[in-house]
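Below: one structure, written as structure tokens.
For clarity, chains are labelled A, B, C, D and E in written order, and residue numbers in each chain start from 1.
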Amino acid sequence: MPTNPWLTTLRTAGAWAAALLLFFPLGWLFLTAFKTELQAIAVPPLFVFEPTLENFGEVQRRSDYLLYARNSLITSVASTVIGLLIAAPAAYSMAFFRTKRTRDILMWMLSTKMMPAVGALLPIYVLAQTAGLLDSLSALTLVFTLSNLPIMVWMLYSSYKDIPNEILEAARMDGANLWAEFRHVVLPLSVGGLASTGLLCLVLAWNESFWALNLTSAKAGTLATLIASYSSPEGLFWAKLSAASLMAIAPIVVFGWFSQKQLVQGLTFGAVK
Amino acid sequence: MAYLQLKNIHKRFDDVHVIRGVDLDIRQGEFIVFVGPSGCGKSTLLRLIAGLEHITSGGLVLDGRDITHMPSGQRDLAMVFQSYALYPHMSVYDNMSFALRLAKVPKDEIRRKVEHAADQLRLTPYLRRTPRELSGGQRQRVAIGRAIVRAPKVFLFDEPLSNLDAALRGNTRVEIHKLHVALGATSIYVTHDQVEAMTLADRVVVFKDGLIEQVGTPLELYDRPANRFVAQFIGMPSMNLVAAGAIPAFSARSGGRLAADGLLGVRPEGLRVHAADGAGEPGRVDLIEALGADTLIHLAVGGVPLIARQNERTPLRVGDAVRVELDPTQLHLFDAQGQAIAHPETVS
Amino acid sequence: MAYLQLKNIHKRFDDVHVIRGVDLDIRQGEFIVFVGPSGCGKSTLLRLIAGLEHITSGGLVLDGRDITHMPSGQRDLAMVFQSYALYPHMSVYDNMSFALRLAKVPKDEIRRKVEHAADQLRLTPYLRRTPRELSGGQRQRVAIGRAIVRAPKVFLFDEPLSNLDAALRGNTRVEIHKLHVALGATSIYVTHDQVEAMTLADRVVVFKDGLIEQVGTPLELYDRPANRFVAQFIGMPSMNLVAAGAIPAFSARSGGRLAADGLLGVRPEGLRVHAADGAGEPGRVDLIEALGADTLIHLAVGGVPLIARQNERTPLRVGDAVRVELDPTQLHLFDAQGQAIAHPETVS
Amino acid sequence: MNRLLPRGLMAPAVIALLLWMLVPLLMTLWFSLVNYNLMQPGQHGFAGLANYEYFITDPDFWPAVANTLLLIGSVIAITVVLGVLLALLVNDPFPGRGIVRVLLISPFFVMPAVNALLWKHMMMNPIYGVLANVWKFFGLTPVDWLTDVPLVSVIVMVAWQWLPFACLIFITSLQSLDREQMEAARMDGASAVQRFWYLTLPHLARPMAVVIMIEMIFLLSVFAEIAITTAGGPGNESTNLTYLIFKQSLMNFDVGVASAGALFAVVLANIVAVFLIRIIGKNLD
Amino acid sequence: NTELVIATVNNGHMIEMQKLGKHFEAANPGVKLKWVTLEEGVLRQRVTTDIATKGGQFDIMTIGLYEAPIWSKKGWLKPIATDAAYDVDDLLPAIRSGLSHEGKLYAAPFYAESSMLMYRKDLADKAGVQMPEQPTWAQVKDFAAKAHDPKAGVYGMCLRGKPGWGDNMALLTTMVNTHGGQWFDMQWKPQIDSKPWKDAIGFYVDLMKQYGPPGASANSFNENLALFNEGKCAMWVDATIAASFISDPKQSKVADKVAFAQAPVATTPKGANWLWSWNLAIPASSTKDAAAQAFIKWATSRDYINLVAKEQGWAMVPTGTRKSTYANPEFQKVAKFAAAEKKAIDSANPNDSTLPKSPYVGVQYAAIPEFQAIGIAVGQQMSAALSGKVTVEQALKTAQTMAEREMKKAGYYK
């Protein structure tokens, strides 16, 4: 397409400006994490300063970062994997054995996400307590799985819809049973959808804070709960908070950067073809 | 004896009656072509045979076994889909060997069979590629190869060439023909394409609205169409049909056997076009299509549009007045219901 | 005088030289068809004319105006795309009127023009539908309709029929022809299809590798191909080409004008096949394709594969020994470089 | 094909979600009908509809409903409009497009709590916040964001987080925009703006529906951003339904009233859902 | 092997305790400490949910002076078994009585605080103001007017504005108290629309609008601390604990320029300064009573204070709990706010903090379960008034209605 070079330059500048603007708060968080508390609240704000690692040291001294990180990792990965295991067959069934109710079921599943978590806290808390699952990774994993399940089913459903029916029929004629059909045809063909679904759910689980705060105490806390102990009501804490926040989000942000291509390709929710 | 038997097959989708009672006996090694207008149920019937849809009523017998309710994987049929339906994530080799692997055929044997088929189809250099790295024609051959390696009892083809461009289509058609001759496998082939039907088929089945109109060899259908529908459906350009009396001079050639409400049919090559001072009925040239080897002349004779075909170039121009003569040995006659009552004698 | 002039047009994509100097004069009202093998630059040239790509060097003059650097919206051309490129969310009416609405044509006039075009194309019942509710042939007509209403100076078609099935293609081709006759609009038409090229074109331009090989009327190209490439490219099945000396009896018919490293060409209808005890060279039947009105006989003569075409049925069977005779009035001769040195005399 | 099979495959997900929804729902229903304050255990008298009455007559109730809708509406509007513009901006290749894309989507990976703390302390603080200093740099009086325009502040934070999501989906969708359609429009004489208006926008209608739906689900339960920054205030200016329920249940420890509120939210959500099914349901096939 | 799960607030003193926990572990082999450190609001919500549902997630909870009497009355806490070595009598009496129920101690104070006035000596000198030991609010306003200089980045008065019963309402209640007001009369009728409230809140809003920093309605302890440390406040009335931060040169730009006075008074000195303590308690459901008792005694003992002093210096010890701390000369030497703090704490009496007689316990709160809801609701109205969204009258009227609604619902009257 013929384009005006001026326009291209303008567009490039605009895109970079927008990106930097949107990224600025995060970048600022990054800078603040390396300041002292006094520098953090300096007026006017400091862009150039002598970076210190003291805040990170303090975070590590105060709380067992690795424990929280491990819990975050376990719960988000486990909930994603389990979720995919439950969601994949359901999505498969909806995509390839359509009935009149398929659409209603899908919408119903989504609507289960609309109940405010706060409203369900007490029932879930009491249930978890009865089951002896308070402060356990399993309870947290279960809750993450269930709350992400509707999104997973929906995304997988739409990625399965992209697989031409004829390919499945060909496999059936080749003598494939249900498992072989799923294993050898559906699964490899929906890898992209599976990956982006997994990525999104990983991010959502990693960033979940309400359940993580309320269902855990000493053992199963995730990085989201770590943050809750850094906005101190007494004393200056901006730099320490930034350091803790940075440590809490760094893994998932970096992971997100690397997987953004995958996300761009997969995050279509069946709307874009 | 029939190898594959279709016994009074019916298919309904909810309230639509798509296949309305089809009986057909297919002999072993036969190449059967299904033709018919779009939506007449060709694909549906093929899918019923394949076991991809439930048969509403009726029966299917293959090689003496009743397969009416057997899952398609066990029927021992192979299908070549219009879109090829290759497994996009597998190499050509894996595509071709998939069914054998599922059937737990020993590795050596798989290799032998696949390589043999690849050889036959000139696919050997591409065995490691995935379908997206192949051209349309090559993909098409892989789809056929996938069917061949299984050595199924019957091959099913659903418009396998319709996604290819004209030139490739011609070549692949010839290849399919040669392959059929080489393998001698029973085949059912659905197509829209006249030339494919004429050149590939041992017998052609003409469908209309979920019912069989006529079954016969290509030239039987060409020369002795059972009714008006088949007459117009087979042959390109279509047979000219003239209502009795519309061109009295033509009707007169029927030897009095044409009813007053009957139809007279003549293929384009049965018409001769002469200059305005020649013999025949006066007419006018509407359009000339010179194809090189032959020429199609679109005419209007007494208001009736006709197409004549001749093997020479024509000096005529659009709008020229001409005379059109009928070859009396090429006449088809139909009654008021469209059933054929007479055909020309033809060398065959 | 030329209405649309292409002056030494070049196009490079980065380092690929796709169009390598094309000169062409098109008269007003002419129907020009571009043919050539895939990737030879037909679409690119069309897009250059349309203004969808920048011309690397050279000039375009339309109706006396230099349009080389004019944005495509102002060139007053209309294009029919292979994929139709209809606006999926607009009704047929809105699709057809889009350009006029942009040009702020009064509502009444838009309505009149669209309804007139819809009438011509038999689209009136579908004006309220969106493209997805139409069949392939109807979409195709909408794409043409969208071009017609604008009454542009030149129509550009890029393989407009290639997404249609064979039968529909035949009909639509005739319609396009009639439309061209009715409107008399200058048109450039890209196609892969022989029949389209032969029947639609006033002149055919044959491309190869970004260069024009030959320009001429369809029958000129058929009868007097300038070189071996055009000879084989035009005509279906292709012209038989036999190296000098491969079948000595044939070479002998050239009257001594065939060089030792030249080629002898004969179209399938220039070969006569006789029973084994007739005249001509001995050969063997490889394949017979009976198309009803005519028959293609694939032969091997002294190891050289040939295709003969005849207008009668044949009693021959595959494998039969035959004799093949050459019609000496139908000979084409090419030199070692593939340039034509002699053509048959043909009535035209 | 066996008819039980599809149901069998669907069963685990359906049953799990059914339990996940029904058990808390029934318990919530029960709680909403009794007097239940965590600070007064053991006093579970039947309350009838008193809890509902109490929740709905809470002076914060209608403002909370209004704020909820306002929050959802404006965040969606902002993310959709800016998302489309940004997606258009990065759609064609330019130097550094990969990096720009990475920068653009980063906010999406940030935890809501960090998002709130970051904006509250480092961006919006009227004295040492970055924005205040930008204002001062231009000689303006710094805006006291969280006090003067609390809801707007929350909207900014939430929109900052969700903009990348919208952007991602639009980028994906633009890639599938048919090139020939664009060219046809160019030949029809459409300017860039006209092409955007008549072709690109309609093409984006479906992804927009998706963005709206997903965001609606998540925005309905925006919580951390409010709890951490404005605590719903000043007054009730930034209290949304979720925060109101939170106040009832976890700050007042009145489970009965909170349950009534939660059920009300479920009703509201389902009204929204029905509306959503209308606009997006047909896009699911 | 016993694991003690301790829920605690993320204050400096508690974080220090967390670090020093290894000493306890060393002295008590077989006991492991697990810390759950949370921000104040979240902590309160977590421990309340847990103790009310008998969740049993925590063996030791950090609770406030507000919760202690309510919870011990309900039997949710185990009494602290003190021994001679612990020396209960060393605890400051105001604190001890607040934590006891029927003569038994139900929570051990870890550190306590009152409120006082902190101001910039240099600015006072410049303005020629001599701050009395216990100024009146009118005097304070006077000084604020003189020191207020926004162009130079100095604001006359920093006060809490962020809504919350532990945030703005803590300060405002003391202001109301000293204006002669109260939360409830003896019939439990809310008094928020009474004259003392109008006087106090009107004064507060007026003062802050004229001489407060921008964004005051979102400020609480921390925000004000940051402002003060940056040198942006001439005065600040807040928790005594702040004194140690603002006089720490590592944190504060004005460490050497601060001075302290008692919280300002108006019509009565009663209830003019608050009393708060963070305490350790054992939920009734705990199964690890012995270890928990041992830990609490260790953490709130005199020895612990000495341990902190040894490790961090006397300036860093948790204060407000023991007479012995204030008696310590070393402490007196480093803590120039010590005297003021002790005086403030001693003068606060949760059982008698209002001019008219009140049915409730608590200086800056009323120790009844309904108070949280009321405090939050009223706090919101006050912040709205401060930000100018509503008038003081309107805010008080709405607050009164909401409080009545809550009390009615709780069944105090029909």
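By our rule, contacts are C-beta pairs under 8 Å (C-beta built on N, C-alpha and C of every residue); 3 or more make two chains touch, one makes a residue touch a chain.
Everything numeric in this text was worked out from a predicted model, so none of it was measured.
The chains that touch both subunit B and subunit E are A. Counting C-beta pairs in contact, the pair that comes out ahead of the other among A-D and C-D is A-D.
Separating the CA-averaged centres of subunit C and subunit E is a span of 91 Å.
With centres set at the average Cα position, the gap from subunit B to subunit D is 58 Å. If you average the CA atoms of subunit A and of subunit C, the two centres end up 56 Å from each other. In this assembly, the C-alpha centroid of subunit D lies 36 Å from the C-alpha centroid of subunit E. Within subunit A, the positions touching two or more other chains are listed as 1, 41-43, 121-122, 126, 228, 231, 238. Each of the following residues of subunit C touches two or more other chains: 51-52. Contacts with at least two other chains are made by residues 49, 53, 226, 230 of subunit E.
By the touch rule above, subunit D contacts subunit E in their complex via residues 37-41, 54, 59, 125-128, 142, 144-148, 227, 229-237, 247, 250-254.
On the side of subunit A, the complex with subunit D involves touching residues 1, 3, 8, 11-12, 14-16, 18-20, 22-26, 28-29, 32, 40-45, 86-87, 89-90, 92-94, 96-97, 99, 103, 105-107, 109-124, 126-127, 146-147, 149-151, 153, 157-158, 161, 178, 203, 206-207, 209-210, 223-224, 227-228, 231, 238, 241-242, 245, 248-249, 252-253, 255-257, 260, 263-265, 267-273.
Residues 178, 180-181, 183-191, 194, 198-199, 202-203, 205 of subunit D are the ones that touch subunit C when the two sit in their complex. Subunit E contributes residues 3, 5, 7, 9-12, 15, 18-19, 34-40, 42, 46, 49, 53-58, 153, 220-222, 225-226, 229-230, 239, 241-242, 245, 251, 253 to its touches with subunit A in the complex. Of all residues in subunit A, only 37-38, 41-43, 61-63, 121-122, 125-126, 129, 134-135, 213-214, 217-219, 221, 225, 228-238 touch subunit E in the complex they form.
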